[in-house]
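Following are the structures in question.
Look at the two complexes coming up: chain A is in both, with chain B in one and chain C in the other.
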Partner chain A sequence: MTSRLDPQPLEWLDRSETLSFEFEGKAFTGFAGDSISSALLASGQTLLGRSFKYHRPRGVVTLANHDVNALFQSSEEPNIRGDITPLTAGMSLTACNVNGSLEKDRDQIIGTLSRFLPVGFYYKTFHNPKKLFPMWERVIREKAGLGTIDTRWSVRRQAKTYGFCDLLVIGAGASGMQAALSAAEQGLDVVLVDENPQIGGSLDYQLVNEANAAPIRERLKAAVQNHANIRVLPAHLACGWYTDHYVPLLGPNGIIKMRARAVISATGVMEQPAVFRNNDLPGVMMASAAQRLIVRYAVKPGQRGVVLTANSEGYRAALDMVKAGVDVAAVIDMGSANSRGVWADEIRQQGIRVLEQHAVYEAKGKKRLTQIVAAPFDGHTCEPSKAFEIDADLLLMSVGWAPAAQLLYQAGGRLAYDSTLEQLLPQELPEGIFACGRLNGAFTLEQRLADGERAGAEAAVFLKDEALPAELAACRDREAHSHPWPIVDHPGGKNFIDFDEDLQLKDLVNAAKEGFDNIELMKRFSTVGMGPSQGKHANMNGIRVLAAVTGRSIDQTGSTTARPMFHPVPVQALAGRRFRPERLTAMHQWHLDNGARMMEAGAWLRPEYYLPTSETGVSDAAGAGNLSIREQAILREVQAVRTGLGLIDVSTLGKIEVMGPDAGKLLDGSYTMRMSNIKQDMTRYALMVDESGVIVDDGIAARVAEDRFYVSATTSHADATFRTLSRHIVEWGLDVRLVNRTGSLAAMNLAGPHARKLLAPLTDIDLSEENFPYLGFKEGNLCDVPVRLIRVGFVGELGYEIHLPVASAQRVWNTLMEQGAEYGIRPFGVEAQRVLRLEKGHIIVGQDTDGLTNPFEANMPWAVPLKSKPWFTGKPSLALLKARCQRTLRGFMLPKGYSGELPKECHLLIDSGDIAGRITSIAYSPSLGRYIGLAMVDQPLADSDRLYQVRVDSGALIPLEPCATPFYDAEGKRQTVDLTEVA
Partner chain B sequence: MIAFQFYGLQLNEVERACYLLTGPESRDALTHADLPVPEQLLTAEEGSGALVARTGRDEYMAMLKAGASAPQSEWCFRRYDSLFELKGEGWIELMAHLCQYDFRQLKPGDWLMTSVAGVSCWLYHEIESGSLLIGADPGYRHYLIETFSAVPGDLSATRNPTGGAS
Partner chain C sequence: MKVFDCPVIGPRPISEFDYGGEVRRPPMEADAPSWAAYVFNRQGAPGLLREWWYHRPTGRWYVMERDTLKDEVVRFIDLEEVRYDIPA
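Then we have the complex of A and B:
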């Protein structure tokens, strides 16, 4: 570890734990607490990555979560941010975006071609001719780009939690901690959040060697950690602001969705680079980056250093370098040192060379900095004729700051350029948003503490609904901490504004001169600020360049707004925990124990079909050719219902109790057919359409008593039907009560010729045809359980739907299965039910209908009593639609003996080359011995006698024979009479 | 019955006889059964070993001890809600993973109907025990048990606030 310093007072390292890892095939070690970048730098590895476009050597620049050229690749993850990602034992890393190795990247050659790749090059060159662009796009994507995604990725999700507080303070530096304390003292419930794993902010790394800061640091940290009203969340990045102070906090284990009543932004400032030739060489970094390296990771950033500064902080950094053992060759001040305060005095006293009114004209070196070229600077340009060289492997840039104001912008805050501080500062903040600290122009420690105190107090007053004049500017500094033009032109170029996108000064100048002279246009044309760091160290200088070219002020030039989330967020964090409710019926375990293959039906799980272990090898007995095991199982269930007995779990149906004097009126208005005249103990088909006449649900309405009905609804629409009925009660002012009993009642349908014979001895209900006819409804007991029986005919056989309490459902089911054995009873699933109902020509809402289907199209005019019923929901629309029917649901069969490629649901009907409809249902009918189906057919074809043609997957056209429905038992005898007579 | 413990939290499945009463007779039915009758909408009261919540103009949910007689009313319907009792100081932290309601606002005796882990639930903060009673459609019993069992694994990972208020 060649650059590791002795233990530092505030270091993040655990030196008792040494971690081994690999980078580019070489073995390295670091300490627990190291970041990837700090561990590599400590080991002397200063070349960390290659740039996006020109593959230039790059190293540490900020060490503040913005080092987008020090991204790493592991076998599982691309684009690992080395500057903030903790080192873990056994990591095996490579550099991103290299051709060959990091040291010998073959794509370096692209850099030598940069003069031929001006801004907008891709737009101008590769789009003409257009047809070649896809090829160029592949080439460009291969050459430029970041990491490689492992397409064999596995699903990873992080936790997602909800948080609440009175006041969210973002940034746990000096001002943030003080603001949190100030508000907490007023009794507010405060959350203090910081993106770093340890609180302290710049108070730690910038003022670590300031004796007067130490007791303040200790006091603030202890106070916030111990205050009964403060929760501290380190390692959490507030990455966006949403309405009503909803702020996602991205932590290492997921996102906390924090809802605050007010927010204080104490997010500080982001150090900005100086722009000069080769300002991207490894060894050139922000002064604050070097301070972080020393304080947090005990890494000596270089051996011989130069500090380029335009503020007092640069002198502080120079002093810190000296203390860390760096030989500081010079401090280059872009202005005068006279106003830099005591730190500049101390530098002078130590005999360190100070070059006033100078700037760095150029940095030199191949893979890292070896020399800088300095020259006199008049505030805007350098004087190259007087340039001179200084040997150095470290160059710190301390030329200015940009506010970390992304959240303020998102919240609707307005910032304006302050020519005293040469920085954008908050000018107007929306209600409930406060700002303090360096973000707000308070730079000295005293100013920061006072500003934090002020912001905390103002927030507390705001939350108590008291008025207090905001004094946003009360604690601001009077000295500039940023240079207004830290940019030096050079004929050789390579003076980078945007390290993410390899944009040089000339690129932005040319973009502006080409007419992209609006900040938004320039951003999109040049891509400045569009890289992974989202312009955190490019935007400010970009604005300055555009302002200079156009002759406008910074405020006139404007700024772009970083959208939430303004920092990359892992998809696993965005996804969060998955809530996918799964609803089971009372017989679920029985279904599983008996070979059911389950399928989803809304939130419910239902048996699709049953495949008992004993039948997995049974061959086709249905005569339908070479069927799969699944199809055979379904056919066996169909045959059982047709010839013996079947039992299906229909607990998923909606079950709604409708009671009250206006119950009939409610149902009359809600369903197409009249319900108020249903006789007691009888049922009626209930079709629901919406105001536009579109079918939305169907079921059965049973009359339980004069003022009481029992209504069923489809599985997936049950809740919506309950809501619709509830809404109608309110809108129509009816005296009706509803109870949704879907979850409390189970239901099963016993169907087949022997249904009555099985039920009769088990129930006290008289099942005779006279007492309990088709579509009848009875209450009584079955197996000593109170039940409701409904004579239904959905599957076209004698059938009884049994509704009963969920707690007793399994017992009744078991009894029916046991007692039904002598009749060959089988459980049947959803697929068999679909075949059975298709044979009867019954529709399934949602399968045979779509979001536009009306009852006329569904071939159900009998369910729309336009003449006999004065009004129901959707009637006005249906009255118009009746004469405008453009398509109709029609039955069809495949030709007898057909053995070719089978059509599928949703395959299109083709007529004279045009689409003329689609298949909505198709299945093999064991009763008919051929394939049957329903198709929604366009009217001209539906009205004709022509064969339908359906285009199957292979593209072939298959003939379909139109036919009437039902396909099976057209007279309905099997469900209305004693089947022993007709079976 | 289920019961499991994590971080001082305990989740038990509890048995109560649940009923929904609606209509103009519902209030009298509760009174005759010597059960509490909450005055305010969406509030609940404990009494006679039962919990009664007012969920509508004349609609009430009554959770009685298992085996207790049902209130006598024509429009009284038995429900079979799955009921869970969440005990322990950290239940607010657990619920923050499952529900976007600010449970710090739910005081003892408060009744709430909201979505927990995507399922419509009713919740009651018991006065004496301080436990959270959670009721849901019985079809979701399995899903809720699975979900409640999975969250504790994430609690340790996300339990990172420090500070005096943590």
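Then we have the complex of A and C:
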């Protein structure tokens, strides 16, 4: 049996394309342009789903995504909203939330038990006795929740785009289109969005048969689509409003992050259900849903219909039904027909029975409406004694509207109840937010157009910074379109307020009586409005019930918070791409080509160690036992630096040029030690602490000229150091310019006894000890490239840090590797560098220090000149902390030849059963032939002569031998002396 | 996401900025309790606050007076107003 009508003038269908699909194992067809629900209804399938709690039969009720009766499951996707999801060919669907089949749902028995499932049931039951709860939890989990997720899901990414406009108009109905036009005429750049695939809104589905609407419709649609200043985006949902008019628009291809300068909400109203027994039966639907079915999808909603109404829209809908061939048995008016305009007269002229001061007391039927029980209604209750029956398979509800004001609320707007219109209306809107149309109480077409015109003009005036006329109420209607109490009590219940959550009238009344009489409490206790449609069809009646029970007004009762998103948004549209920039040094490809294993260091990738493919064995002179390939590689690199030559890429170091007459003053204030007296061509260790005295960074400062320094910073703190120095310049009013050269300069450290011999023939810089001593700094040429050389001793050997332009770095690196071959040069990675510096007892900020470590604890009192410097950031804190050192970084060793379980970094030191510190660094030292490390030791233990004990993974306590640092070459001879002569 | 309407570089999204905390001035002469109070205590009451904001793409610091209750930038502060001398 088909319910498809002949082609309708505004239908969305493309009848040339027939789509086949499957539902509950049966074959169906529809047209391109159908939604899943409309295709099913067109084929006579009116039972679309089962309700969440009682598994009651459900069909179309709003057809506007304001309810979730029609939830479907495909093999890939759960909870497909059939009312608004376009039908596609080959879909294979089943109903969600069904035990068995949709037709024979075994769980419908729960409906007969509803008497025993009162409101708050879950909170009250199952927790006593406690030990049974796990069993109940299993049962509840089984019954709760909706669709099934495909766990073999594949990643589907959607791109995000950014949009900008002067004015965003949300809702492309009569008032929205008019508002967009009026603003665009003023020269504004306007974006007009609508969640529906076609623009027009209720101007189409509600006014299709109004003769005077047709020319207006044609004019508006053509005008907005052809206007140079308007971009029309149908099928885009305005998900929510965020600060400064940031509105994500969800379209078929993902989200557009729209930044507007002003927003007009022309989102209209959402039709609200009447509340009576069995108001959820398939066949009972909103008048607007029936109109959508006819106008958009050419589906005849039923054979014999009754309209329950409290406004003129109901009469208009009744006429639409007549036109579509529905036999309209009666119009039941909850009030008087006098104020229903010409439509009421026309209904009477057609000989259709009009029952004034009546309501529907009950709907009857099993899986589809068959009969209506009507009764006199006094505005609050029915008289069941005078009830009578009318046969019908279709009942339209046209009893009132709630504003789609979610975005207005999110923007901080305030709505107030208008007792003329019996509707919540915008009362105060924040700056740059405007509202028009039915949302704003403009109901006739003339009012809506005038209101759109007004809002568009106001937005234009606002954006031109002119005086703002505030005439929100100018175009509002003067008669009610909503009934203040569309609710009929029934001793049998099943009169639903919330279709998502199966909440009946008595549930809300009982919740209020139990003391949950605040709207927010009632929502949470009863779960009204908490289902997937988020109260779009339930909140208004919920508020009316609570107001009635508590004897308060609608405004006093208030409304719950309307959070984004307006409709659910798939995670694939929200999820970001993994966008994490990785910085690569100039030698990155060389590292990869030469067996480097890369590791992350801040935003950079650095070689951790190199695994040359040609080599197999390792000279394990120190007898370190069975080492992994990784450890062998690191060991080899360490040995190369100690006995021959090593070259490490240190381009990731922060490099900052500090220039200007106050450069010295800036560095003096920012670093602990004095920098203004560094001699020309010399460097000094640069330690930075914060105001509380905690170490945040270290590096080297070099004096390039009288008014010029060159400062390095640790890899991960380089940006922060630049930021701190920049701020100090401003704070202290200094005449300094900074240039962050971290990215433009590469750097490498050539270290080992043969460093000087390799460099000397390649550079014009005099490398002699007298001219270029330890900690010296020189500018010159190396391999004909302008470079800066710094004599550093971080790894404890004769070493030169070479800073040079990125573009030339690879060439210099290659030359050093080639020329260094005769000295056994090796590239070394971060791991070998850590071992080398550990042998020298140098700390690594962030590894040996944490977010609380001060220089005294890090064993660097020499870097804190409290007496000789009047001020540096953190000095007052360090002056106070000096005498209160609670822990100290100390060196330790494991016995030679130790072969037991190895302690690891972060293992705890234990003293008399209490935690007394932790290991911060530990590594095998090939130079010493044993494991060495640093530990942060609590002061009492550090001051004692007790052995340290560390608790390892197995729980065993391993003794550590405290020792002084540096572990290697304590006098530092190797970094100052030309070793070829002493060796 | 908010927009900061900067008089120098125009309106920019707040995601381009780093928050630098409230504008404060360290007491150059202070006993231990008042120094500790300076280091560890922050003004948390809602109201007008002068704050440091760092614009990452241009590497520039700004001071903005912000109403933390309404989350609105009231005005930009001339950096001359927040500078102080440190002992040399």
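Convention: the second predicted complex is superposed on the first by the 848 of 983 C-alpha atoms of A that agree within 3 Å, B and C clash if a C-alpha of one lies under 4 Å from a C-alpha of the other, contacts with A are read in each partner's own complex, and residues count from 1 in each chain.
Rule of thumb we're sticking to: a residue touches a chain if its C-beta (ideal position, glycine included) is under 8 Å from a C-beta of that chain, and two chains touch if they have at least 3 such contacts.
All values derive from a computational prediction rather than experimental measurement.
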item: Comparing the two partners chain B and chain C, which touches a greater set of residues in chain A; value: B
item: Partner chain in contact with A:692 - chain B first, chain C second, else both or neither; value: second
item: Partner chain(s) touched by A:732 [first = chain B, second = chain C, both, neither]; value: second
item: Partner chain(s) touched by A:259 [first = chain B, second = chain C, both, neither]; value: both
item: Touching partner for A:659 - first (chain B), second (chain C), both, neither; value: first
item: Chain B versus chain C as contact partner of A:880, first or second or both or neither; value: second
item: First (chain B), second (chain C), both or neither touched by A:546; value: neither
item: Partner chain in contact with A:870 - chain B first, chain C second, else both or neither; value: second
item: Overlap of the chain B and chain C footprints on chain A, listed as residue numbers; value: 259
item: Residues of chain B touching chain A in the complex; value: 20, 22-23, 58-59, 75, 77-81, 96-102, 104, 117-119, 137-143, 147, 150-151, 154, 157-158, 160-166
item: In the complex, chain A residues that touch chain B; value: 158-164, 189-192, 224-235, 251, 253-254, 256-257, 259, 577, 579-586, 588, 603-604, 657, 659-660, 737, 739, 741-744, 805-807
item: In the complex, chain C residues that touch chain A; value: 1-3, 13, 18, 20, 26, 28, 30, 32, 35-36, 38-40, 52, 54, 59-61, 71, 79-80, 82-88
item: Partner chain C, residues of chain A touching it in the complex; value: 242-244, 246, 259, 665, 668-669, 691-692, 722-723, 726-727, 730-733, 738, 740, 870-871, 876-877, 880
